[in-house]
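Labels run A, B, C, D and E following the written order; every chain starts at residue 1.
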Amino acid sequence: MVEQIPNINLAWLVPAFPLLGFLVTGLANKRLKHNQAGIIASAMVLLSFLVSLVLFFVLRASGQNEATVTLFNWISIGGMNIPFAFLIDHLSLTMMLIITGVGALIHIYSIGYMHDDGRVNSFFAQMNLFTFSMLLLVMGANYLVLFIGWEGVGLCSYLLIGFWFKNPAYNYAARKAFVMNRIGDLGFILGIIVLFFTFKTVTFSEIFSQAAGFQAGAPVITLITLLLLVGAVGKSAQIPLFTWLPDAMAGPTPVSALIHAATMVTAGIYMIARSSILYNLAPFTLNIIIVIGLATAIIAALIGLKQNDIKKVLAYSTVSQLGYMFLALGLGAYSAGVFHVTTHAFFKALLFLGAGSVIHAMGGEQDIRKMGGLRKKMPLTYFTFLAATLAISGIPPFSGFFSKDLILSKAFEHSIILYILALGGALITCFYMFRLLYLVFFGEQRLAGAHPHESPKVMTIPLIILSVLSVFGGFLNIPSLFNGDSKFITFLQTAVVSKASEELSHSTEIGLILGSLLLLGLVIFFAYRTFVSKSIIPAKDEEPMPFFSKLISNKFYIDEMYTAVFEKPFGFLSDFFYNKVENTVLDPAVDEIGVTTARVGALLRKLQQGNMSFYLFAMVAGILLFIIFILIV
Amino acid sequence: MPEAGWDYAKQTTNQKLNQVIMVFLFYFLSAIMVISALLVVFSKSPINNVIYLIICFIAMAGHYILLNAQFLAVVHIIVYTGAIMVLFLFVIMLLNLNKAIIPQKSAVTRIMAVVTGGIFFLVLIAATRQTFVINPRYAFTSEIGLVANVGKTLFHEFLLPFEISSVLFISAMVGAVMFGKRDHAVGDD
Amino acid sequence: MILLVILLIPFITGLLLLPVRNAATVKQLALASSLVNFLATLSLVFTFPVSGYSVSWINSLGVNFALGYDGISLIMLLLTSLLFPFIFMAGLKREQENTNYLYALILFTQSALIGVFLAQNAFLFYIFWELTLIPLYFILLLWGGDGRRNVTFKFFIYTLTGSLFLLFGIIYLYSLTPGVHTTDFSAFSQLNIPVNTQVWLFWVLFIAFAIKMPVFPFHTWQPSTYTMAPTQGVMILAGVMTKMGIYGALRFLFPIIPAGVLYWQNTVIILSLIGVVYASVIAFRQTNLKTLIAFSSMAHISLMVAAMFVLNYYALQGLLFQVLSHGVTIIALFYIVMLIEEKTGTLELPQMGGIKLLAPNMAILFLLVVLGSIALPLTAGFVGEFLIITGLFQQSIWFAAIGGITMVLGAIYMLYAYQRVMLGDKKVGFGNITDLKPVDYIVLIPLITIILVLGIYPQPVFNLVEASVNTMQNLLVPVADVLPALPL
Amino acid sequence: MNEITSAIQLIPLEHYIVLSVTLFSIGMMGVLFRRNIIAILMCLELMFNSANLLLAAFSAYHSDPSGQVFVFFIMIVAAAEVAVGLSIVVMMKRNVESVDINLLNRLKW
Amino acid sequence: MNALIFTTILGIIILYLGLTKNKKILAPAGIAGLLVTLFLSFNDWGLGSAYFHNMVVFDNFSIAFNISMIIITIVIFLFGIDYYKMMEFHVAEQYSLMVFALVGAFLMTSFSNLIILFLGIEILSIPLYILAGGKKFSFKSNEASFKYFLLGSFATAFFLFGIALVYGASATFYLPEIKTYIAQFKGNLPPMLLIGLLFIIIGVAFKVAVAPFHFWSPDVYEGSPTLVTAFMATVVKTAGFAAFYRLLGIGLLPLPESLEKALWVMTGLSLLIGNLVALKQYNFKRLLAYSSIAHSGFIMLAMLSQHDRSASVILYYTFVYSIASVPLFIIFILVKRASNGLDHLKAFQGLYKKAPWVAVFMTILLMSMAGIPPTAGFIAKYQVFILSISQGYLGISIFAILMAVVGIYYYFNVVREVFTDRDHLEPLVITKLNAGLIIVCGIAVVVMGIFVWHLPI
């Protein structure tokens, strides 16, 4: 830090507002009337957003790229100095703006969505707490502060997934989410510790400046990056720790939108992008990230094909999109990953909110097989949903196109096979998204007795804003192909060091884009034929299916596998330890010492027969033995 | 110093005769003692036991005389034969024990008793056989067993034990009286 | 002199309470005395260091009545005097039989505990060490739950067995002291014991602490004892007694037989880590809430033991911090367990559920404590466990990884338990459950505040023990080069 | 007289030791062998007397009168013991009508 | 010496007082006399005089033990006031027999000649044979008396044979001379002498109930009248160990290796048998009997660990043990009366409800017996271990410590019974005197644990 930027200290206000909101709505839980909590909470997040904007301009005006705001010394012992500090740079600002911006919209939306819920105040308290944690995560100037936020969002996610705690299945989902995150966190914290011992600090700037001294492929860096990756895999729901995310849909829909689509799950991407300098030094880890990302993208997309729950479809699509972001990271295109995070935040939040609107309208029904024909009843929702679907499918000029195309072209640079696989995933995405769209909004209404209606304004306005962002978000980064200057990527370049790569020639790029567009068009057409023209409704769960369909609709049996491989053995192990080891070996062993002693005592007691002749014999025998003893010894 | 004794014995015929008598007496008395002692153990009737024991004790008195312990011999006869054994007899008669033959212990126990006694005997013999030369503490004198001598020691050096043994007697007496007296039962504790 | 005052306040109050019949008076007096004691102890922090207090006691046995403290003792003292007011408050509005005896016994225990932490003489230490057990045994025996007769007895005999080995060790060390024999710690730590002796002496001394803490195969008394103990008893047991084991090990093993420690270091660490995993795994399937927390406590303590034997700077700092944090957390946990039992009349998890619907505030506070227990950042537990894992890492990455498993497994079983108690639909028969009373807030809010404050601003604790930790970690260094000569 | 008595030295001490040991062993065997309490007491007397004989023999060989005095004391004590023992027997006989030692087995374990 | 003479006279006086048919004056008279004896003993302190051709030596060692035994006897006499209230006959005889036994005990602490040891043992034993049969109409008491008598005489026979053998070798009964005589062999003793010494040791070991010569003690403890049991467990034990220490520690040690090993074996066996069998005892008196065997083991440990402090430790140990035992017997009697003669440990159940303070004091006393701080019993064991460990007997010390754990187990088993509820509570009648005794002894046990004394004897 060269010189102090004026007003940058305002940064503490950004997390402070949601924290305040949390405290107010949390402590005054009982006293707040119906909408007050929602309004307070939304206002707080909005204020945060405004402050973030101010910070953005402040930083811009200063001409510097980053600023550190230290609040106090958290842990300072021996050689370990961990300040509680915020790092304001372009990356964190981007994330802050997304979190507070999208967050604010979702908060507002929630006022409408959660209107009837009895525990709406708790809901907003937890949402604010989440926002606070997420802000800590992205603003932290060192890994440990990041970790606070990291675990904090995990906690909030746990709380919000299990928000309707009467349902045991929801509780299970919540716990699953937390535990899987925790497994990742364990790797993360170990990574931090290795970092600490390698660099003697956990502060980003110091680590990155020292990292230059390491060779690419240095084992310790590989170790660190791998451990950090474990954390990211857990948080960002990548293979093998992704199964919690679909289950997390148990939470209220705004939660899914905010936490499980727009922000928290992208924390892993943020963290890896943040550590880009380290990852650049670890090609092995990058390769692993590519594999993980691609596999996740495709497998999740495949599963998404057969899901019938509107939110589950979106959840798998999120997993899949996260896989793309990972792919980008693995390719060294961290900025591209973050760019996809941004656009994804817009359209996925929009999708979820739209789905929420639908569910709201359908009176809580989430099965797409029972929906249909909502286009007429809820036009606003329909159009926003359509915009988001086009965006996620990567149809130009919607935002998804720009970010996804960036990643695909990077993949192409790397290897043609990668590109084909990634494109395949994108096509599948397109297919199941349109399937969703068609099934929900086209055709006839299939649920008898439902009276769908458009949602109130408080819900639709955020939808509109988000759809605007989804449509135009891509223009933040217009590539040179379209005579743009890749503003977003350039903006991030100061904080994230992407791997240098050769630019594709424009002609190749155009070829690729046209080819993919053609395929996308075919897919959309095919989907239309299947679900609108032929009105094929997905089969009921019980009906027999061909092997592959069955495999997919059962999510590759991954959950079952986890149950068989981890949960069951764990329970078994627990029982084994308790019943067999503790209660039949260890505890009895201790008792056995006592019992044996007592048994010997009982045996010796038998000597005391009460019979005089025995005593006399015993005495003589004793004397005899002692005589012999002393004569021999 | 037995060897010295033997050498000494070779000197005069008179003493040789003495030696023969002594040895004969010793073995004779010993045989009586052992046999009567065995009979004490193995004879079933208490009266017989007492009688054999008296025989045994008389033989022992003979040994005391052989050992120049005349005073002891006399006291022995008086105390044991005259007092203790009579006491035994009295008790046997008082309690009418002679008729009530008590069954013997089981054969196993008896054999064990004999075997144990035998082993004990063998071990002790084995241990004392390979004994060592005992150096007499004082120059040999045959006078030590005389009443005067014993009395002098008793009332001089052993005065305290002598006096204090009265306590022993008085307690024994108190005990005998206490147990012997008939009184009616009283409560527990 | 102030040390003597701190030691005697609880004892004298206890004596004074014996004839008092009025339960309310008893409770208030006990609470007041413990608060005074806390203030007195707190004054030590600001006047650190105060000179010790020493008079000769049994000259012929080389025993001095020597009191004193260092940073480590201070942490333990703080913990003790901090927790006891809460322990008393836990009984404040509750019906208890023979209150005066119960509170007198608790106060005696407190006095003895303080004695353990203040003693500068091994004999004195041992006396106090045993004295903690006697009143506690009666607390458990007379006020405990089902099956207490045998369970307490096992606990009593088991721990005493260990103590007697310690006694053997003390006497052995005493016989080694040069000149006029003495049992002063200062003399012990200057002994130059042959390495081979240290190797066996280690277990003689350690077994007592291992049982008290407890370390893996010596723990079997713990779950049943915790389960049947009355709330206040288990608070003492889990909150302070276990720390006594840690304190004893720090006091005895490292300064006196450093080579023995180095020799067995890895063995003990591995045992502890087995304990960590073992207890955590077992906790998962426990159906009794108290037993579950007992196993969880064992897991945490095992991690602390591992940290102790790693004995590097971070591990020690983390250990001492965790001592405080675990004490506070476990007390809060057991307090809530007591509330739950009072309200539902059971501790069996399958019979519970949906309490959050009826007592939302209790659920929130319970959750906060649970979070502290599973080491969520910004709670005290995180700072401690982070440093401990850092310390473990310095020894071996595998130790760190296994130690870190507590974080995962802890989350599994604690959240599972929380959900089974608080969440889900409410059970029949739970109709008349009410939310917390004011007294409950008075107990829980400060405890939770401490957990949070320590998590956010742990620095004062670090500064307090800094000097002692530095001394401690240097103990093993000089003997490190002796060891390769041994067949390790 | 002196001649006869001095001839004591003609018999080796071992003979006395062996004799005493024999008597002692017989007495001990008797104690183990008999069931009749009275007989057992007699056997005890045998044991005492074997010790007496041994002491007297040693006393003679050492020409030390204290040994004989000791024997005297043993006799005293034996007499007292017999008196007490027999009175106990009498008392017991009143209670249980028997002098069988095997009946003494109520106190055990 | 004056104390010895006066005590003898005291016995006779009590015997005569019995003729007045006034039972009430017996105990006070006895206590008054014992106080005089106490005073006389104190007067002799530090003089170290030997009497009658060095037959007896009243040095500080013997005086300290004598004083300890006198104090215990006074306590027992105080207990007797209540205990003998129900008994009509032979009360004076029993008191005087105890006094006579005390005379024997004095001889045992101060002998220097084997004949005094022999007479001391007999003077101690014969009154005890009689006292054990004090309840004339109780078959158990008869049996105890006869068993004690027969086994005692049997042991005496061996003891005498041993004396004869030793005399044969050394031609003397004087302990110092025997010691000099043995020293000339430089540890390579002829078998006969070894066996002689062994028999003497066995004779004394029998008196203090060291395994494997302990068989009499549980039966006799159980069968005897409780007051006599208390006397046996305390005064007799103290005297026995004083004699043992005089014989070994002052007289014969260092013994040849084989004998010492035999003694170690006895120590180990006592610890083992005493403690383990006590685990399975449900009769309180038998429990204490076995525990006393165990305590014998501990004292043996102190004795064999030769050290200039051993005597002091043994004194402390025996005194502390005695002062804790007597009130336990008192409580036992009170409880037994309250529960219709039940002498199972269950008789103690509900005691903490009936009389909480008795329960507390009982706990303290049992803690002292078990050796738990801050009681004197702990310090006693601690000192024993200090001796044995500092003399390098580590193996047996560990063993003893393990056995001490077992000891704690069975003592606290009783505590557990005391603090267990009972269905119906019978009233517990405690006279003020007994209450006072229990309290004083209880406090004494704690005070002695805090103010530890150590006599240069």
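The definition used in the following text is that contacts are C-beta pairs under 8 Å (C-beta built on N, C-alpha and C of every residue); 3 or more make two chains touch, one makes a residue touch a chain.
Everything quoted here is computed from the prediction, not taken from an experiment.
Using the contact threshold fixed earlier, the set of chains in contact with both subunit A and subunit E is B, C, D. Ranked by how close its C-alpha mean sits to the mean of all protein C-alpha atoms, the top chain is C. Ranked by distance of CA centroids from subunit D, the top chain is A.
Comparing mean CA positions across the assembly, the chain most remote from subunit C is B.
Across every pairing of chains, the maximum count of C-beta contacts belongs to B-D.
Per-chain Cα centroids separate subunit C from subunit D by 67 Å. With centres set at the average Cα position, the gap from subunit A to subunit C is 37 Å. Between the Cα centres of subunit C and subunit E there is a gap of 43 Å. Chain centres here are Cα means. That of subunit B falls 72 Å from that of subunit C.
Of all residues in subunit E, those touching 2 or more other chains are 115, 119, 122, 126, 129-130, 133, 136-137, 147, 150, 154, 165, 168, 171-172, 191-192, 194-195, 218-219, 280, 409, listed in ascending order.
Within subunit A, the positions touching two or more other chains are listed as 594, 605, 608, 610, 612-613, 616-617, 620, 623, 627, 631. Looking at subunit B, one finds that residues 105, 109, 112-113, 116, 120, 124, 127-128, 131, 134, 136-138, 157-158, 161, 165, 168, 171-172, 175, 179 touch two or more other chains.
Under the touch rule stated earlier, the contacting chain pairs are A-B, A-C, A-D, A-E, B-D, B-E, C-E, D-E. On subunit A, the positions that touch subunit B within their shared complex are 613, 617, 620-621, 623-624, 627-628, 631.
Residues of subunit D that touch subunit A in their complex: 28, 31-32, 35, 101-102, 104-109. Those residues of subunit B that touch subunit E in the complex are listed here as 124, 127-128, 130-132, 134, 136-138, 156-161, 164-165, 167-168, 170-172, 174-175, 177-179, 181, 183, 185-189.
Those residues of subunit D whose C-beta lies close enough to touch subunit E in the complex are 13, 17, 20, 24, 27-28, 31, 37, 40, 44, 47-48, 50-51, 54-55, 57-59, 61-62, 64, 66-67, 69-70, 73-74, 77, 80-81, 84-85, 88-89, 91-92, 95-96, 104, 106-109. Note for the complex: subunit A touches subunit C at residues 72-78, 80, 144, 147-148, 150-152, 155, 158, 162, 165-168, 171, 174-175, 178-179, 182-183, 185-186, 189-190, 193-194, 196-197, 570-571, 573-575, 577-578, 581-582, 586-587, 589-591, 594.
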